[in-house]
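Okay, so here's the structure we're looking at.
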Amino acid sequence: MNDAARSQGRIFPVSVIIVVLTIIWYAGAVYLNSGQLIDRYNKRSVQWDITQLAADAWSMKRPVLPAPHQVARELKKTVLDQKITSKRSLIYHAGVTLSSALLGFVLATALGIGLAIGIVYVATLDRSLMPWIIASQTVPILALAPMIIVVLGSVGITGLFPKSVISMYLCFFPVVVGMVKGLRSPEPMLLDQMHTYCASRTQVFFKLRLPSAIPFLFASLKVAIALSVVGAIVAELPTGGQGGLGARLLTGSYYGQTTMIWAALITASVVSATLVSIVALGERTMLRRLDGGQVARA
Amino acid sequence: MSDNASSSDTVVQIDQLSLDFDTVDGPVHALSGIDLAIREGEFVSLIGPSGCGKTTLLRVIADLEKHSSGKILVNGVSPDQARQDRSYGYVFQAPALYPWRTVTKNVVLPLEIMGLTRSQQQARAKKYLDLVNLGGFENKYPWQLSGGMQQRVSIARALSVEPQLLLMDEPFGALDEITRDHLNEQLLELWRKTRKTVVFVTHSIPEAVFLSSRVVVMSPRPGRVMDVIECNLPSERTLDIRETPDFLSLAHRVRQGLKAGHSYDDE
Amino acid sequence: MNIFSSTRISNTSLAGALFIVLGLFGELSSAATWIDTPIGLVGLGCVAGALSVSGLTTKCSSTNRAISLAFVLVALWAAVNLAHTETVMGQVSGGYWCFVIALALAIWATMSRFAAITPTPGVGAFLYQFLVPGLFGVWLIVLWELITVGLGIPRVLLPPPSLVGEAIASSLGVLAADFRQTIIRAVLPGFVMGNLAGFAIALWADRVPFLRRGLLPVGNLVSAIPIVGIAPIMVMWFGFDWQSKAAVVVIMTFFPMLVNTVAGLGGSSAIELDLMRSIGASHWQTFTRVRLPNALPFIFNALKINSALALIGAIVAEFFGTPIVGIGFRISTEAGRMNMEMVWASIALSAVSGSLFYGLLAVVERRATFWHPSFRQLSAKRL
């Protein structure tokens, strides 16, 4: 139960894993880039050895896999050395993605909770809705993205909102699933007890079902907020020109700029991980307020 | 209907009550032809082997289960109406406390639902927590209390509605013998002080005889009343009474009733 | 309970009747009246019939339900035909929408009637559980048809399902080739490999606590990464064909499986483990008899999450480069040619495959973890 002690036991293994992954990354860079390099050496009939190969592999202009320090340099160039408002700043692009992700997340939370309440309280919706909500998730969202943007554009809605709709489409699902589970989590005994108190549906909802659902809701929100970033990036692929991390990915892949792709990818992960930890922080405070953190541990 | 409410001091009037559960493999006859009248101020125990329908009968009284045939009146009205009048308090087998509410907040939960003012809620919570000897634990969370204390919070909560009728389904079933004895004494004391009508489900013969003014012996498949035993033990009694010959002969009668139920079953 | 639901249904029927009357008095379209269009009158009549059978009678017998279902089906058929009538198509007015609302209410009333009962188990019950969601799905598709045809929405914006259906029927060969390329060659191998790898690493991590402590936080971090972003990289590494798509699927499915399996294997209670220890069970015996069964719900959870992820991953990867076949390829090229029917046909193909796959997993899950609380009967009380 002691958080400090637990993380103490983690720092060392996590560092080891990260070091191992970095070594694999460097080795992978040599391996994946070697084909091109050896071709080039042979063409120019240069003598080469493994140190030469490694040094070249880690400093190529257009590597198949850039080395970590190259990505770091690219990140420094596009994050630290640029004005935030500049179109070349990754922070600017991250901001574009973040705003549509957040709006999508808020919309998805509202939609997901609304649907869950409907499913839990209305038998007909319980029977009819769930299979279609699941089916909705098997629709390739990337395929829908351009159409959603075109259709919404044709009725005069442009900019942030269409992208958020795509984010919402991806991340309302975990909210519905978690919330339905949560609203149904109270034991039958507690529901019977409410019946003996002659409580109204609204009272049962606010005094029993909603508090019971909070831990489930937060677990889902953590999944949902990570998905909202994915959704925003996917939505930016067809709308390329307007910026965002998705647009950077697409540009990078058009011009074979792998370093650019990796930098965008790492920025996206940082954004996503930050959002998840903010939700996790909210979860911890909320659960502590609910019950001193007791149920959260269970 | 009104001609049936035999006398004004009958709290629960049950006539030829039956209940069948519809299950996937056919109906289960949980209760069959139950006749029972419980008078005001009585302490009635329901005892019988597992699965004989004690809980079901209690749930019918509490309007948690609908009977299939027969008649039942609670306070002279239907169970549904009695529930809406908040004329009973129900104590479940487990404490059924909300982990995110403090002891006081748990006790005032039904009062919130009834719409009492905040000061009334606080006053009642204090009164009934004191009554079950839990003064000083008001701001603890349920999971900071022992099992026995939790069950007493649950009883305080049922009492806080100030019902005339208290329905208790094996409230001490999950507790150890020592705690149980202690709570039995407290419950008896409580009953003497408040003169509530109590319907009490139990598995334990000594518990039933010690607490009750009447013991209803039930038998299974289908659940029905085998015997009703009047216990005229002195009202000022302590646990020591369980060694007296009077007590032992009552316990013997209850045991005989339970056995009779079984032999009937074998035929 | 019963009194409650029957009053609600009566309210539905009342509202439905109101909309039928409004619709009759309202204008059907700018070119036709109700009197000129017998098919519309048939539709209205059937809606009225369904509403009265399912709402105005308090008794809910199986004949009642069957009659109202028949009425609703005929009404749906009539509605589609009405929308396609020359004088109605693309020029509808208020009366048409009143009819659509009344139809929605009739379907709701019928679904409520069917949702309110639990059939006795058997073959009938198995088919029966598809009835309510099936009717709902049919209604969604018909509604889409009624709106697009009724309003005359340009087909480049949103084609009606009937045209999508025609596109599917006329290009079965192309769709089959896409299915083979994307689902059989990319998604399935990737799904199997990714899940197996995640499971294997989870088993390893389970034996080696050091690995578990190091890998789990990293795994949690990686699952927060928008993995679709690796699609262009994989295309660069593994080429345009299915291998790069399978690689994306492997990476997308790996971490959910890893994290869930490790969590599930750690989920056995101390009592269960002590019991196994007390009877001298070996590590392997404890694993197969206690820990794996306890982990199964988690593993199935990962499989279900992954079934949706795998499909999305493969199709997204096809947007970054692909041979001239595949669902993602089809969608992007046909969208470029404004051939929206074909785009929707491909979307339907992917949705149907995904749903079937998910359904299959759900059935296997129910068989394998029938004891889990989430599959036991829920309390019937809806407070």
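Per-chain residue numbering starts at 1, and chain names A, B and C are given in the order in which the chains are listed.
Note that a contact is a pair of C-beta atoms (placed from the backbone, for glycine too) under 8 Å apart; a residue touches a chain by one contact, two chains touch by 3 or more.
Since the model is a prediction, treat every value here as computed from it, not as a measurement.
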{"item": "Chain at the geometric heart of the assembly (C-alpha centres)", "value": "C"}
{"item": "Top-ranked pair of chains - ranking by C-beta pairs in contact", "value": "A-C"}
{"item": "Centre-to-centre distance between subunit C and subunit B (centres being mean Cα positions), rounded to whole Å", "value": "48"}
{"item": "Distance from the mean Cα position of subunit B to that of subunit A, given in whole angstrom", "value": "53"}
{"item": "CA centroid of subunit A to CA centroid of subunit C, Å", "value": "23"}
{"item": "Shared-contact residues (touching 2 or more other chains) in subunit A", "value": "192, 194-195, 199"}
{"item": "Touch list for subunit B against partner subunit A, complex", "value": "59, 62-64, 83-84, 86, 88-90, 92-94, 96, 98-100, 109-110, 112-114, 141, 143, 161"}
{"item": "Partner subunit B, residues of subunit A touching it in the complex", "value": "187, 189-190, 192-200, 203, 207-208, 211, 290-292, 294-295"}
{"item": "Interfacial residue positions of subunit C with respect to subunit A in the complex", "value": "5, 108, 111-112, 114-116, 132-133, 135-137, 140, 157-158, 210-211, 213-215, 217-218, 221, 223-230, 232-233, 235-237, 307-308, 311-312, 315-316, 319-320, 327-328, 331-332, 335, 340, 343, 346-347, 350-351, 353-355, 357-358, 374, 378-379, 381-383"}
{"item": "Of subunit A, residues touching subunit C in the complex", "value": "9-10, 12-18, 21, 32, 64-65, 120-121, 123-124, 126-132, 134-135, 137-144, 146-147, 150-151, 154, 181, 184, 188, 191-192, 194-195, 199, 201, 204, 226, 229-230, 233-234, 237, 245, 249-250, 252-253, 256, 258, 261-262, 264-265, 268-269, 272-273, 276"}
